[in-house]
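Order of writing sets the labels: A, B, C, D and E. Residues in every chain begin at 1.
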Amino acid sequence: MSAPATAASTTDAEVVQTQSAPPRRSWPGYLTMPLILGLVCLGMFLYVQSRELDSIEARSLNARTILTALQGHVMLTAVSTLVTLVISVPLGVLLTRSFTRVIRPYIIGVLTVLQAVPTIAILVLLAVAFLFLGFQAAIVGLVLYAIIPVLLNTMVGLEQVDENVMEAGRGMGFSRWQVLTKLEVPLAVPVILAGVRTALVINVGTATLVTYIDAGGLGDIIVAGLSTNRILVQLIGAALTAVLALLVDYIAGIAEDLLRPKGL
Amino acid sequence: MNFGEFLIRRADDMLELGLAHAAVVGGAVLISTLIGVALGVLTYQSERARETVLAITGSFLTIPSFALFILLLGPLGLGWKPVLFALVLYGLMPVVRNTITGLRGVDPAVVESAKGMGLSRRQLLLRIELPLAWPVIITGVRVTTLVLLGIAAIGAIVNGPGYGELIFTGLARVGTPVAVNMVLAGAVGVMILAVVFDLAFYTAKRLTTSRGIR
Amino acid sequence: GGGGAEESPNEGLLEGVELISGSKEFTESVVLSQITALALEDAGASITDQTGISGSATVREALESGEVDFYWEYTGTGWVNILGNTTEDVPDDLFAAVSEDDEANGIAWLDPAQFENTYRIAVKEDFANENGITTMSDSAEFIEENPDQARICAASEFINRDDGLPGMEDAYGFEYADVVELDLNLIYPQVGDACEFGEVFSTDARIAANDMVVLEDDEGFFVEYLGAMTLRQETLDEHPEIAEIMAPISEKLTDDLMMELNGRVDTDGEMPEDVAQDWLEENELIGG
Amino acid sequence: MSHTPNAASGHADASVMIRLEELTKRFPGQSRSAVESLTLDILEGEIVVLVGPSGCGKTTTMKMINRIIEPSSGRIILNGEDVTSKNPDHLRRRIGYVIQQTGLFPHMTIGENVATVPKLLGWDAKRVSARVDELLTMVNMDPAEYRGRYPKQLSGGQQQRVGVARALGADPEVMLMDEPFGAIDPITRDRLQNEFLRLQSEVRKTIVFVTHDIDEAIKMGDRIAILQEGSRIAQYDTPERILTAPANDFVKDFIGAGASLKRLNLSRVRDIELGTWDTVTTADSAETAHSTLSSSEYSAVLVLDTDGRPVRWVTADDLRRIDGRSLDQIGSAPQAVVEPRATLSDALNELVAARYAVTVVVDEQGRYLGVIDFDQLNEAIRSMRSTAVAEARSEFAAHDSSQEGPS
Amino acid sequence: MSHTPNAASGHADASVMIRLEELTKRFPGQSRSAVESLTLDILEGEIVVLVGPSGCGKTTTMKMINRIIEPSSGRIILNGEDVTSKNPDHLRRRIGYVIQQTGLFPHMTIGENVATVPKLLGWDAKRVSARVDELLTMVNMDPAEYRGRYPKQLSGGQQQRVGVARALGADPEVMLMDEPFGAIDPITRDRLQNEFLRLQSEVRKTIVFVTHDIDEAIKMGDRIAILQEGSRIAQYDTPERILTAPANDFVKDFIGAGASLKRLNLSRVRDIELGTWDTVTTADSAETAHSTLSSSEYSAVLVLDTDGRPVRWVTADDLRRIDGRSLDQIGSAPQAVVEPRATLSDALNELVAARYAVTVVVDEQGRYLGVIDFDQLNEAIRSMRSTAVAEARSEFAAHDSSQEGPS
């Protein structure tokens, strides 16, 4: 290639490129994140190995406890996210249909209100007022917390779809359902997924709180560290949470690359 | 004492806590929005930059708030300062993410014609791209606000301002008659704030989103 | 406060001194802090209230960094949480050991009060009566026989400490079938529901309020948790009067008294500062 | 204007496919209606072209027919059935639609875009794929190259062609086409138009076609509705009649300069009587040619080969300088040559630049049939016009007398 | 093809505004280049029209000129300055751009859209507002009605017009216009074209204009570049020369049927010598008319009024039935009348349908100047063509001999 083109101002060249070719990550691009996360884990492992642990630290920082906590956390995140999706995407779709215009503000209002209450308060209230504990209560708390990001983004995403495209679809005899599934939802995927990824990260973070109602997860480790003032334990717990969040977000990123319509 | 009586007896408190809560959350949202939009704007064109920024702001959200508040206590002390700081960190990700998504969704034909008219990068951004991405961005801000309203309550552990005080005091007395009232009062307070904030956002979205793209 | 009818015992000792009161989030800690604050104010100090900080670690951090000037701590917590020891080797005079070791951190412990707020296991009164359980040993037996009714609600700290659940199970030679990990506060309402046994603090008014009874630690396993006021050594050096002022008060703080004061807040819904004020005035520890 | 020319007049026999009754659309917040009480009949199997100035309401009218825009008032009757309040999805599946802004689905490849309706109809993959290729080829786009691309990777005209291909996918009985060829170059457009007309002559769909190009309207339309602001009908008639008997100044203006020239597009050489010219054959001698020429009123003779194909114009001058060569080696080659299926416009085009001001007409084998000169064209035009005017007059009278009937 | 007609040949004197050198664009993942080594000079103050089949690379070429698409290789020289690697914003502010897809800003009202560049330039509010009104009026849209609307509330053609108005806002020295009138009806389009040409005659901007409409190209272009796939230049020449001496079959095909008729658009009645017809005046008696007629080769005389304006055609028949009426009360009114500034195409249009196969030419006051008959047109065309062919031949020879020079 001749000099002039390469000398072009970089920001501009990038714009042009993103417009002409759908951005797909290269293989090295895909590998960076797991590599970094792996290294972080390895670092933590080596550091913990090198330390004399007292009995309190040892009680939290052992493979069995960590794995159980991790597994619990993954379950919490996975199930709550799944439930969130199952609730909020269809709800978002419903709330963008014209026939729900009247009830729309109320439903959103209620959900907003629930979202804003600190999860810890919801958990406590569930536990105290309904004596509702454990995994299921935790899911309720997490879901209430994650609905709004997905719901709002679903709605905005759907509202943003180009009118002309929908008109063309309707003009071709697409039923409402087909317009929705074949055009609106795919075209709203980037915005919806932004909401989902936000919710996922929030869920991974918030799920550390459900340890207070016997729902396990990495919160067990963090709170153990917190309550006995063992910084190392806290740090490991928090770091594991962050690693998990980034990993989950990374996987969601791959899902987005696959789901994001390529023509956009 | 039922909940109603409790509220009436604590009405002054409720109002005061509410204002404090709203102030710290409002401040944090404002700051996160400014920083978040700026980060989004700086990174949305480059795959690597935006993934990095999202990973970093995302991992903020995973730091347990208890731990973060305690961490901040040393440098920032007790009260609103650590709370504000932590809230800003927590609030970034939804804003950044939606800013990026919104900017990337702007119709290339429109960007092209704007460029064709000689708008500078800045003008393009301020006059065309941001206004068009605005509905998505403001949704991110809305999510941030709601998330922060909740987290702000946890700020009570470092004696931060707001309804968290009621919630945590209540929590500390669970099993006693006032406990549920207190937690409930705190929760209701936050809920009311949520409604107020959300109404504000709804109005702001309507007022700030051009009729041409509604 | 000037203009009072009654003469204050410590009039003017701390005139012009500014102090910040801290406490943990639970009632007893707040009440103790309020009592202290009122007493010091009575001596002329002006007090900024920063009570109700959540978590031992938080409030301790606040003390060390000067965000607060004093709060009440417990010897057991000091030994394990603050000084990072385990409880396999608890010294006989725990208070002496803790206060000595903590000097290195620049924190002073005033002489302890007469109450002890330690770990205990509690059950519902009905449950105790029905099954004839009054001591820990009884419970060990019961658990042996009824593994399906052997669930304990406990908070993270208790579960993870040697002087908590693991050590206790060793000492009494039994094992709970299920550990329900909860926030400390959630335990009181959950006993009898999510679990049969619950970890409680001995002076907590909610024990009585929730119709629970404490099982006797007949093996004497639990570490002592004497309450004592902590403050930075430099504060104490500057104002040694504080120790003088607090000594008579600590004298009077017994288990039963604490239980009562806690109860007035928790059960009767009074404000901690009112409870503190009443008690101090009643006992003429401050001027009216 | 209360007198909207009755659309169905004179067509009572053919069945009406689309009837619009007093269709009105007023957009919220606008002072004027975009479409104002439009009444129009479209017969089965015909192509009706809507033309009119930008913003006159053509697109709005189209969108009301398939109910993408709900009318403010009025009725739409499809094939005898009032569909104004029917389920619009079902309605739309019977109606193909080419949207003005192309509206390709940006997240689907070209192939997927075109395959949309066939897939909707549940065709099997092989058939769909074959159909996609067929349609893309029809709009002059190489399937191998374009099938896998995304809309944003196409040029404007290519996008529009994909839009057309997509709308044809399902072979719907009724088609609405909103400026389908607006962004396409003349060669491709001509090819598409012809392809379209060929298809139409086979399957006879009912087509409503919007264009702003009056030439296209004349070429494509069985009837043309010239619309004024608010979709008020200025004239609704056959292309011939619109060109020769414009109803008013608006129509006249809209047709623009060159109405007569445009009119020539509508007739073909085979429709008029050809003139004759003096001919000789290559077998003839120079003398024969010379005598023919001297007895002719023209300054040249046309030399035909033995099969009767014109090969040369030869003048007296040429003959003088023949120098023993044969007749097909002198003179000049005839250039203005057309076949009978050429339009009169083609003939005139040749004529204008032709030597001897005459166009030679040959049959498909290239054999001489006759000539056209300007006077013949002039006469043809003039007679067409007088017929049209007479027709218009008599119809207008008939219409006037039937005014009392139910409206 | 290595022989790209040298763009600048014969124009060495006028200064080159835009020079494209070996400009190439290959989109990622495509096998063929969208633009392949295009070299083109555009002189200051001229309108160059790019025409070519859909997908041949016109839009890509335009976007490379203002660097919205970065070229894969090659150089762009603007006014002598290599701008290939200059800051594109500064470049673009000197270049107005009408995008093919209109690209209006959906969040701004029409008024705000049009005001964009004037505001950028920091004009005060009053001046901006006046300019907006002026521009909207120019594109035939009532400012009062449309200024406050949003793009989605406009019809397709209206949107396009706003796009044009917006690009004109700042009065840039160079304009790139990508099918600016593609979706506009002929009347409005004609008006816009004329307005544009009028403006251009005053300010002489340098304009690159893309269209797929060869008629528009002929009307608007000082020079036309006919492009083949990959933006390869098939011919780059004046409209006259392209019509009369197409470089190859591609160009011939692209011009399409009716090249000669199109050619007639380029000349005006005043450019050719008028014929004469026998005239009498209304003051003359029937006998004078009769004698004029009988000595005439035509079958009718033209009756002029006392000011010399044609009022009647009168034939022998008419005279016979005069019954004492004056000459202006018999015969038929002359219809085929044009003024000298009419194009030959207008004249032919009249001629085709004219009684007596003749078009009457009158001056601006309507006074008789002469007539045009078909033979005159024919001759005019034929002489134009031979001039063009001769020119092309001599130039080609000159070009051939200069092949060795630096490219």
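The criterion applied here is as follows: a contact is a pair of C-beta atoms (placed from the backbone, for glycine too) under 8 Å apart; a residue touches a chain by one contact, two chains touch by 3 or more.
Here the structure is a predicted model, which means the values were calculated and not measured.
Asker: Note the shortest touch-path length, in steps, from chain C to chain E.
Answerer: Each step joins two touching chains, and the minimum needed here is 2.
Asker: Can you tell me which chain lies farthest from chain D, using the average of the Cα atoms as each chain's centre?
Answerer: C
Asker: Per the centroid of Cα atoms for each chain, what is the distance between chain A and chain E, given in Å?
Answerer: 59
Asker: Using Cα averages as centroids, what's the distance between chain A and chain D in whole Å?
Answerer: From the centre of chain A to the centre of chain D is 58 Å.
Asker: Going by the touch rule set out above, which residues of chain A reach two or more other chains?
Answerer: 19-20, 124, 128, 162, 223, 226, 264
Asker: Hunt down the residues of chain D that sit against at least two other chains at once, touch-wise.
Answerer: 101, 152-153
Asker: What parts of chain B, by residue number, touch at least two of the other chains?
Answerer: Chain B, residues with two or more chain partners: 66, 70, 107-108, 121, 171, 174, 179.
Asker: Show me the residue ranges of chain C that touch chain B in the complex, using the header's touch definition.
Answerer: Residues in contact with chain B: 25-27, 50, 52-55, 57-58, 61-62, 65, 67-68, 183, 185-189, 205-206, 209-210, 265-267, 269.
Asker: Would you pull the chain B residues touching chain A in the complex into a rising list?
Answerer: Of all residues in chain B, those touching chain A are 45-48, 51, 54-55, 58-59, 61-64, 66-67, 70, 93-94, 97-98, 100-102, 104-105, 107-108, 111, 121, 135-136, 139-140, 142-143, 146-147, 149-151, 153-154, 164, 167, 170-171, 174, 179-180, 183-184, 186-187, 190-191, 193-195, 197-198, 202.
Asker: Within their complex, state which residues of chain E touch chain D.
Answerer: Against chain D, chain E makes touches at 27, 31, 51-55, 58-60, 100-101, 145, 153-158, 160-161, 179, 182-190, 212-214, 253-254, 256-261, 263-264, 345-346, 348-355, 357, 374-375, 377-378, 381-382, 385.
Asker: In their shared complex, at which residues does chain A touch chain D?
Answerer: That would be residues 19-20, 22, 162, 164-165, 167-176, 178, 182-183, 186-187, 261-264 of chain A.
Asker: Spell out the residues on chain A that touch chain C in their complex, using ranges where they run on.
Answerer: 54-56, 59-60, 124, 127-128, 131, 133, 211-214, 216, 220, 223-224, 226-230
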